[in-house]
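Following this line, the structures themselves.
There are two complexes below, and they share chain A, which is joined by chain B in the first and by chain C in the second.
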Partner chain A sequence: MNRRIAYIASNTFREAVRDRVLYNLIAFALLLSGAAILVGQISIEIEKLVVINLGLTAVSLFGVVIAIFIGIGLVSKEIEKRTLYTVLSRPVRRWEFIVGKFLGLAGTLVVNTFFMAIGVFLALFYVSHKFVKADALILIALYFIILEFLIVCSLSLLFSSFSSPLLSAVFAFSLFVVGSFAEDLRNFAGMAHGISRWLATAAAYLVPNLSAFNVISSIAHEQPVAGQLILHNTLYALFYATMALSGAVLIFEHRDLK
Partner chain B sequence: MKSRRKITIMASTLLVLSLAASAFVLHCTDKLRPQATLDEVLFISSPTLVKRASLGYDGLMACIYWTRAVQYFGYRHHYYAASYNLLAPLLEITTHLDPHLIVAYEFGSSFLAPKPPHGAGEPERAVALMKYGIENNPDNWHLYYDLGFVYYMELHDYKDAEETFERGTKVPNAHPFLKIFAAQMAQHAGEYQTARMLWSATYQTTQEKQIKQNAIDHLRALRVDEDVDHLQDAVTRFGERTGRLPANIWELVSAEGLPGIPLDPDGHPYKMTPQGRIELRDPDAFPFATKGLPVGYKRKYGGMN
Partner chain C sequence: MPAIEILGLEKTYSVGFWRKRPKRALFPLQLTVEDGEIFGFLGPNGAGKTTTLKLLMGLVYPTSGSARILGQDWNEPAVKAQIGFLPEQPYFYDYLTAHELLEYYGQLSGVPAKQRSHRVNEVLHQVGLPDVKGLQLRKFSKGMLQRVGIAQAILHDPKVVFFDEPMSGLDPMGRHEVRDLMDELKYQGKTVFFSTHILSDAETLCDRVAIIHKGELRGVGAVEDLTSSVQGKIEVIWQGTQIPAAMKALGAECHVSGDRVRAIVDEKQQDAAIDALRRERQQLVSITPVRTTLESYFVEKLRRAETTAGKTV
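This part shows the complex of A and B:
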């Protein structure tokens, strides 16, 4: 990797750690240990199911919130603090800055997810007292969650490259919600006619299809995930994140920073 | 520096005191409105809407709704409530969110179908729930068993019960007793025998403590019903033979050549009234018994509707 990109990425990671982003791990640990102990007492036969569902949902939601709230400030904060000018006055290209920021944030989320995953497995061991082969499927769900983060990070960065933090947050969060309904949108397009069909189809392909990344429920029931889905989701996340990052680079390249 | 310390101490004290005071006031308010915190309201009753609102995290939502259903049933059952209006919608939302949550169907068939205070008294909704379960989990033989059970026990629909058990036998790894049940339904075999077999099967196949206990209670009640039937027949026979009622249960016992006064499952001897009725000594100990209950006996119902 380009050294300049690596440098920006590691700085972004360090900045996120300095901003106490990883403190969310404490909340996560409390949530999971509380649920693991409590649910056994107030519900029936779902201790393991809750740990997997709650654990993976929390990993996903905490990560999405971090991706949005850090992602939206990645560019605008640098402009506001005027540190961007210092960076760009050096031999750093604008696209390198965007890609570095993206990789830094993605790295933060991967590290965060890694620690949360340890928490999920510990809680699982607490309720089951053993691991079974099917528990390895959780790793696939975690992988999909990371792919989802890549998309959300890239979108936050895209919005951050031209909009204010507040509006970027609104846009990114709205797209996350719409992305969760992407399959419905496609079904709706299938039922529509004429121009509305084209518009709905275009919208359905434009918004990120995040529902395909959510396999938490089926994994909680130890249902295997098709290898083809893993391949398709990987390619989709890479293409979509590249598309959003390219958009961010395009906008940022032409942005007047004076 | 000194004033800063003073402010820190003051603020910390105030924080602790106001927290304790607010907790105390809340505790007093709860006493004023004891039902308020447990109000049974289902703000969103549409399973589809809840699924949409869960943004794809429907597994977690299903766990939450399932826990709500368990809490709701447990709370109302504890107070011998006369109705369980929210049980069916809660179970429907749960299973719509997670169609593979088998325990929700199992629980549904056990507690949605029986009449209050033991259940919601909604066998049709229990059947609909089980059918939805079978639709989504066609290879789970337990669901066929549970549906056949509801048809037989609550709806007395032998034809559908037979057909359901029969369909269950075709599921891979189905328990062999499904074949026996299907045959029993076809023959309309003795009620007690069939019911005992069904409850025994429920006891043996479920992992869930509450459902196991329910099966034990039903098996105990079945034994009481059968004992009372036998003893009542003996009283009738005695009357036909002698033209009068036995003077007491001892006379009946010696006339029938029994080794002693028959005992209920708790070891208490059955009693006979001067009118020749066989009764339980402690009917409260057998919530599902339908026979041997004293005249005018009413089951405990709470104030809850």
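This part shows the complex of A and C:
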């Protein structure tokens, strides 16, 4: 990897750590241990199901919130505070800055997810006292969650490259919500007629299909995930994130830093 | 080869809600800065100094025109590795310490890893911040941040340095140190291009200056040339506290200061003034022509520009 991108990514990661972003892990740990103790007391059969569902959903939501709230400030905050001036006046290309920022945020989320995953497995061990082979499926769900983060990060960065942090947050969060129901939107497009069919179809394919990344429920029920879905989701996430990042680069390359 | 050639750089912003109203921040600017010069870019606030520097740094794009730095296109990464830039009122990543920040900038500027740590300590010492290890930038005063800004601009030993208002936020001692630093950079053969509205700094430091007002270049030249024009007045100083009546009759502006009198008279009256002092047996100390200061040249240029603008309207 280009060294300058690595330096920018590393600095972005350091910023997140110094700004105490990883403190969310404490809230996550409290939530999960509380839930595990509570569920262990009130149920016998479904405690594992509840812990996996709750744990993975929390991993996803905590990560998405971090991705949006850090991602929306990655570029706009640097312009507003003028910290960019002393970076871009060096031999750093604008696209390198965007890609470095993206990788730094993605790295932060991967590290965050790693620690949360340990928490999920510990809670699981607490309620079931053992691990079974099917528990390895949780790793696939975590992988999909990380792919989802890549998409959300790239979208936040895209909005951050031309909009204010507040508007960027609204745009990114709206797309996350709509994207989580993308399958329903596609079904609706299939049933609609005339111009609304065209509009719904266009919207359904434009918004990120995040519902395809949600396999939490099926994994909690120990249902296997098709290899084809893993491949499809990987390619889709990489393609979508690349497109969104390209858009961010295109906008940022032409922007005056007043 | 000139260090900096500005070839008709021009910037017009689109302002207003629908961005339909053009606002010209910089009229086509032609300027050449020679290698090894300290060049002052002078102008009042809002004159277009920062816009020019931002254009040269590639932070904003020109409406037209181009520039060459060290003989190459100004946006080439190879050129950027050889220039240093201090923005106006710099702000840095405040979660970092000065050492971490400079280490990071050293990485981005391609300073070899083996030299980086030594170089960071060296420049921090050079700007008067040798003992700030472990202190995050959020705890730095405005003057300390300005010093860090200067340190990051010279960290990678650039050939051309651009400073935007380098004395801003500094106390008199700090300003003196920065002036010394600029002299040192010149001594090392570097080219220094700095914007300021503090004319005394420019007069002390610069080989040449340019004056910009409302986005237009109003004058450029060597400081000595601009300030050497005689105003047609002479300054006569004599020992004593008495002002001869004949001197007053010449229309001299006289001021008594201690045991000396200083009088400004028209240079045509020089012989008459000397005769008047002889007649009154006053001891003459000196006679010198009154020269234009950079400040009076600057003010006159701006007044002339205002008058021209008024007539045009």
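What we mean here is this: the second predicted complex is superposed on the first by the 256 of 258 C-alpha atoms of A that agree within 3 Å, B and C clash if a C-alpha of one lies under 4 Å from a C-alpha of the other, contacts with A are read in each partner's own complex, and residues count from 1 in each chain.
The rule we apply is simple: contacts are C-beta pairs under 8 Å (C-beta built on N, C-alpha and C of every residue); 3 or more make two chains touch, one makes a residue touch a chain.
What you see is a predicted model, and the numbers here were worked out from it, not measured in a lab.
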Looking at the overlay on chain A, is there a clash between chain B and chain C, or do the two fit?
fit
In the overlay, answer first, second, both or neither for which of chain B and chain C A:217 touches.
first
Look at A:19 in the shared chain and tell me whether it touches chain B only, chain C only, both, or neither; answer first, second, both or neither.
second
Kindly classify A:194 by the partners it touches after superposition: chain B alone (first), chain C alone (second), both, or neither?
neither
Angle chain B-chain A-chain C between C-alpha centres, in steps of 10 degrees?
150
Touched partner set for A:227, first chain B, second chain C, both or neither:
neither
Lowest C-alpha to C-alpha distance for chain C against chain B (Å):
20
Following superposition on chain A, which residues of chain A contact chain B and also contact chain C?
none
In their shared complex, at which residues does chain B touch chain A?
52, 55-60, 62-63, 66-67, 70-71, 98, 100-101, 103, 107, 207-208, 210
List the residues on chain C that touch chain A in their complex, please.
13, 54, 57-61, 77-78, 80-81, 83, 85, 87, 89-93, 95-96, 104-105, 107-110, 149, 152, 156
Using the touch definition from the top, list the residues of chain A that touch chain B in their complex.
39, 42-46, 49-50, 52-54, 57, 60-61, 177, 180-181, 184, 210-211, 214, 216-218, 220-221, 223
Which bits of chain A are touching chain C when the two form their complex?
3-4, 7-8, 11, 14-15, 18-19, 81-93, 254, 256-258
